[in-house]
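Quick heads-up: structures coming right below.
In what comes next, chain A is part of two complexes: it sits with chain B in the first one and with chain C in the second one.
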Partner chain A sequence: MRLTFAALSCGYGRTPVLTDLSFTLRRGLWLITGPNGSGKSTLMRCAVGLLPPIAGRLLWDGADAYRLAERYRWHLGYAPQETGGSPDMPVRAYLHYLAALKGILPARRAARVNEVITIASLTEVADRPVPDLSGGLQQRMGLAQALLNDPDLLLLDEPAVSLDPEERVRFRQLLLDLSADRIVLTATNLPDELDGMASGIIRLSSGRAILTEA
Partner chain B sequence: MDIALTSVTKRFSGGVTALDRVSFTVTPGMFGLLGPNGAGKTTLMRILSTLLEPDQGSVAFGEIDLREDPQAVRRLIGYLPQELGFYRQLTGPEYLDLVAGMKGLSAREARPETARLLEQVNLAHQRKKRIGEYSGGMRRRLGIAQALLGDPQVIIVDEPTAGLDPEERLRFRNLLADLSAQRTILLSTHIVADVETTCERLAVLNRGHLLYAGPTEQLLEQADGQVWQLDLDAREFERVRHTLQIVSARRSGPDVSLRVIAGENPFGGAVRTEPTLEDGYLCLMQSAGAAIASAQEVGA
Partner chain C sequence: MRPTELERADAIARDMAEPMDAADLAAILNRLDDFSPAAPLTPPGALIERLRGRLPAPSRQRFREDGLSASPLATTLQFMLAQVWLFRPVWWGATTVATLIGLALTKWVGATPGLLVPPLVAFSLAYSMREAGTPAWEVELSCPVRPYQVVLARALVVLGWMTVLGAIAGSILHFIDGWQIATLGDWLAGMLLFAGASLLGMVCTGPRLGAALVLAGWVALGIRAISSTAPLHLWVLPNTTAALLGAACLAGALLMAPRFGKSVHQEG
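Let's look at the complex of A and B:
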């Protein structure tokens, strides 16, 4: 598994927010950091397949991700910063529904939903309606849905923002686990919490990205 | 100014006890407030901000009793909630004029003060911009400016750094530190490192109970002799990871370096290391969790 930004520029309309990104990410934990407005979310949206490059290419194992389209997205899990409207459904039922949307075969759905509930430590609240969950639990819910297809590439936008101190410690361990056998790319405003674990840090500033590998 | 809480209790309908006989004193300077989600921190801050009344117990701001004279308390405090509803159509100065009016300041009093505050929070050059076009950091700073209107002696700040980038967070921390020289600032946050670097004293709440109130240094001591540094190869790490309480870990080549909390030297090969506030907090929460578990066993 290999995600390559090949001389990639991305942004909205014809104005690039980020110009000429060139680096390759392999298995491990990668952080994106930079001032607000520097393009963290833009970079995430481009990597997720929601924002086609203005120039250059995004490559998954050497093939153009935007041409692979569905076949790229199958490798991908994404937890955005805000999950948007949460339906009035219990956690487990909602994850079932999302698993169906993601195309997970009916025979595997129940087992996989149970697995992600365990991984994201949602067992105790699995039967509670999603809107009743606290901010920290909603965030774990976002992570659980991103893991449904056991993705090779996991994209997380500010995943720890509502977590309390103990949850943050557990979350760090979970990231260490998850990044052992996949690419985890995380946008964060608190890079010092994670930099010891990271394979590299992508710093954004003035439209450019600089990758420092550990 | 000291804020003395005595046996403060708050129950919500549905039988939830958000605060259960909480007593401690918030002392001048920066005072931290830590605890898990649902611990009662926001309820406590809303009580101190006169937005909620306690069911039992008392709160005294210096000589002033909160129940007897909430209006006097309102003149003493500035509150920065987690989320502040803004009028997107207003500019910064317009918004501050509005808040000044609500705080009972006359337009003549308010003018020079709003100008000075906008300067202080570094928004003076953006006076024509509407709040709808503000970044998250600018909103946070405008929030602080409104909390500072009327020169309050006490400032209550709930989770101030969410959404701030590292530079904004540092600036915000320095601003609070400056302000705390002559004031009492109560800072509630999930970022333990922020409390460690700015607060001399702190309180920890859990499930409505006070677990700790005192010097920051002393909470670190909770973890004295229990924090270990340990290197394992990847295979060994996978085998033993679930038996350890890991605070942090980093992979370096084939090895994993761990920071672990344990009563005794795990596997004999670890090196004892200095605790941080996070370690102290984790040890405190752990012993509280153990106490709750054994109480439940006794009850069952």
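Let's look at the complex of A and C:
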């Protein structure tokens, strides 16, 4: 598995926020860092395919990810930075719904939903409506849904920002475990927390990216 | 007391240091048999189990290797069916109650029940796209589905339920007033026309603005209808033309569905 940014420029409309991104990510944990407003979330949206490239290409194992469309998204799990907008339904029901969208076989759905609920420590709130959850719990739910299809490419936008210290420690270990057999790309403005664990750090500044591999 | 292995070995060594003939040597070799290793008492299966823990762990099997559907058709069907879950009981209840109240009102003013359709359709489609422009919407679009599938699946749920409500309204009027089932035509034509217009408006301008534009159009048509002396029919077009125009708008909305993400970003 390989995700390549090939001279990729992306942004909103025809106005690029990030230009000429050129690097390749392989299995491991990769961090995106940069000050607020540097384009971390934009890079995430480009990697998901929500924003089409203005120039250049995004390649998944050498094929154009934007053209692959749902065949590319079949490989990925994405947790956006912000939460909200989730339908007024219990956590478990919402995860069931997203499991169906991700193509999880009906016979395996219930078990998988329970599994990610356990991984994200959501057991106690599994039957509460999603909009009633606190910011931290909603963020954990974001992680849970991103893990549903056991993705090859896990994209997490500021995943630990609302977690309490104990959860952060557990979360670090989880990221490390997950990155053993997939690409984990996570945006963070707290790189120190994950430093030393990462395969590389992508630093964003003035619309450009510099990748430093470990 | 039996001599230890070490003592017996020492004794053999001492005996071998002495001059010996062939018979002595044969006797010593027989005594050496005591030192041959005994077959283990542990059954081989149990031994393998004990050793297995010392072997490198086999690589963990990924859930996605056998937990995901490989068929795009099956995935699409699952996705379409799952859309029904997004429509919460409050929507099913509210549209039913609105239809029954509206039915009484339209009967009171002598209007066609089709008058109820535009607000029901516009409200329902806006409700079906209520998370558009939010992070939850981004999560859905990160799944292996296409924007037109999202629009189509939700429109089908709305149109299906609106058809059921129309059939219920028509049946009630048929039993109360002996209305012709053909009045359902008004309902279906209005449903298609306003659903098409709503969806096209939503795809081009975003869900909230699209629904608002259609509702504004409905209000304008309503004022025009009320101020005229003609029987209170809402449509300015014959039913067939309205239905065909609505179907064309629906098709256009599906073709333009990839724009939906853009309009959502603009609106959100």
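Definition applied: the second predicted complex is superposed on the first by the 214 of 214 C-alpha atoms of A that agree within 3 Å, B and C clash if a C-alpha of one lies under 4 Å from a C-alpha of the other, contacts with A are read in each partner's own complex, and residues count from 1 in each chain.
In this text, a contact is a pair of C-beta atoms (placed from the backbone, for glycine too) under 8 Å apart; a residue touches a chain by one contact, two chains touch by 3 or more.
As the structure is a prediction and not an experimental result, all values here were calculated from the model.
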What is the contact status of A:Gly135 with respect to chain B (first) and chain C (second): first, second, both, or neither?
first
Which partner, chain B or chain C, touches the larger number of chain A residues?
C
For A:Glu124 in the superposed arrangement: first (chain B), second (chain C), both or neither?
neither
Kindly classify A:Glu166 by the partners it touches after superposition: chain B alone (first), chain C alone (second), both, or neither?
first
In the superposed arrangement, which partner chain does A:Thr33 touch: chain B (first), chain C (second), both, or neither?
first
I'd like to know which partner A:Tyr78 touches here: chain B for first, chain C for second, both or neither.
second
Overlap of chain B and chain C contacts on chain A, residues none
Complex contact set, residues of chain C against chain A
59-60, 62-64, 67-69, 72, 74-75, 78-79, 81-82, 85-86, 88, 130-131, 133-146, 261-262, 265
Mind pulling up the chain A residues that touch chain C in the complex?
12-13, 45, 48-50, 69-71, 73-74, 76-89, 93, 96-98, 100-106, 108, 112, 115, 142, 145, 149-152, 155, 181
Tell me, which parts of chain A touch chain B in their complex?
28, 33-38, 134-137, 161-169, 172-173, 176, 180, 189-193, 196-197
Can you list the residues on chain B that touch chain A in the complex?
34-38, 135-137, 162-169, 190-193, 246-251, 278, 281-282, 285
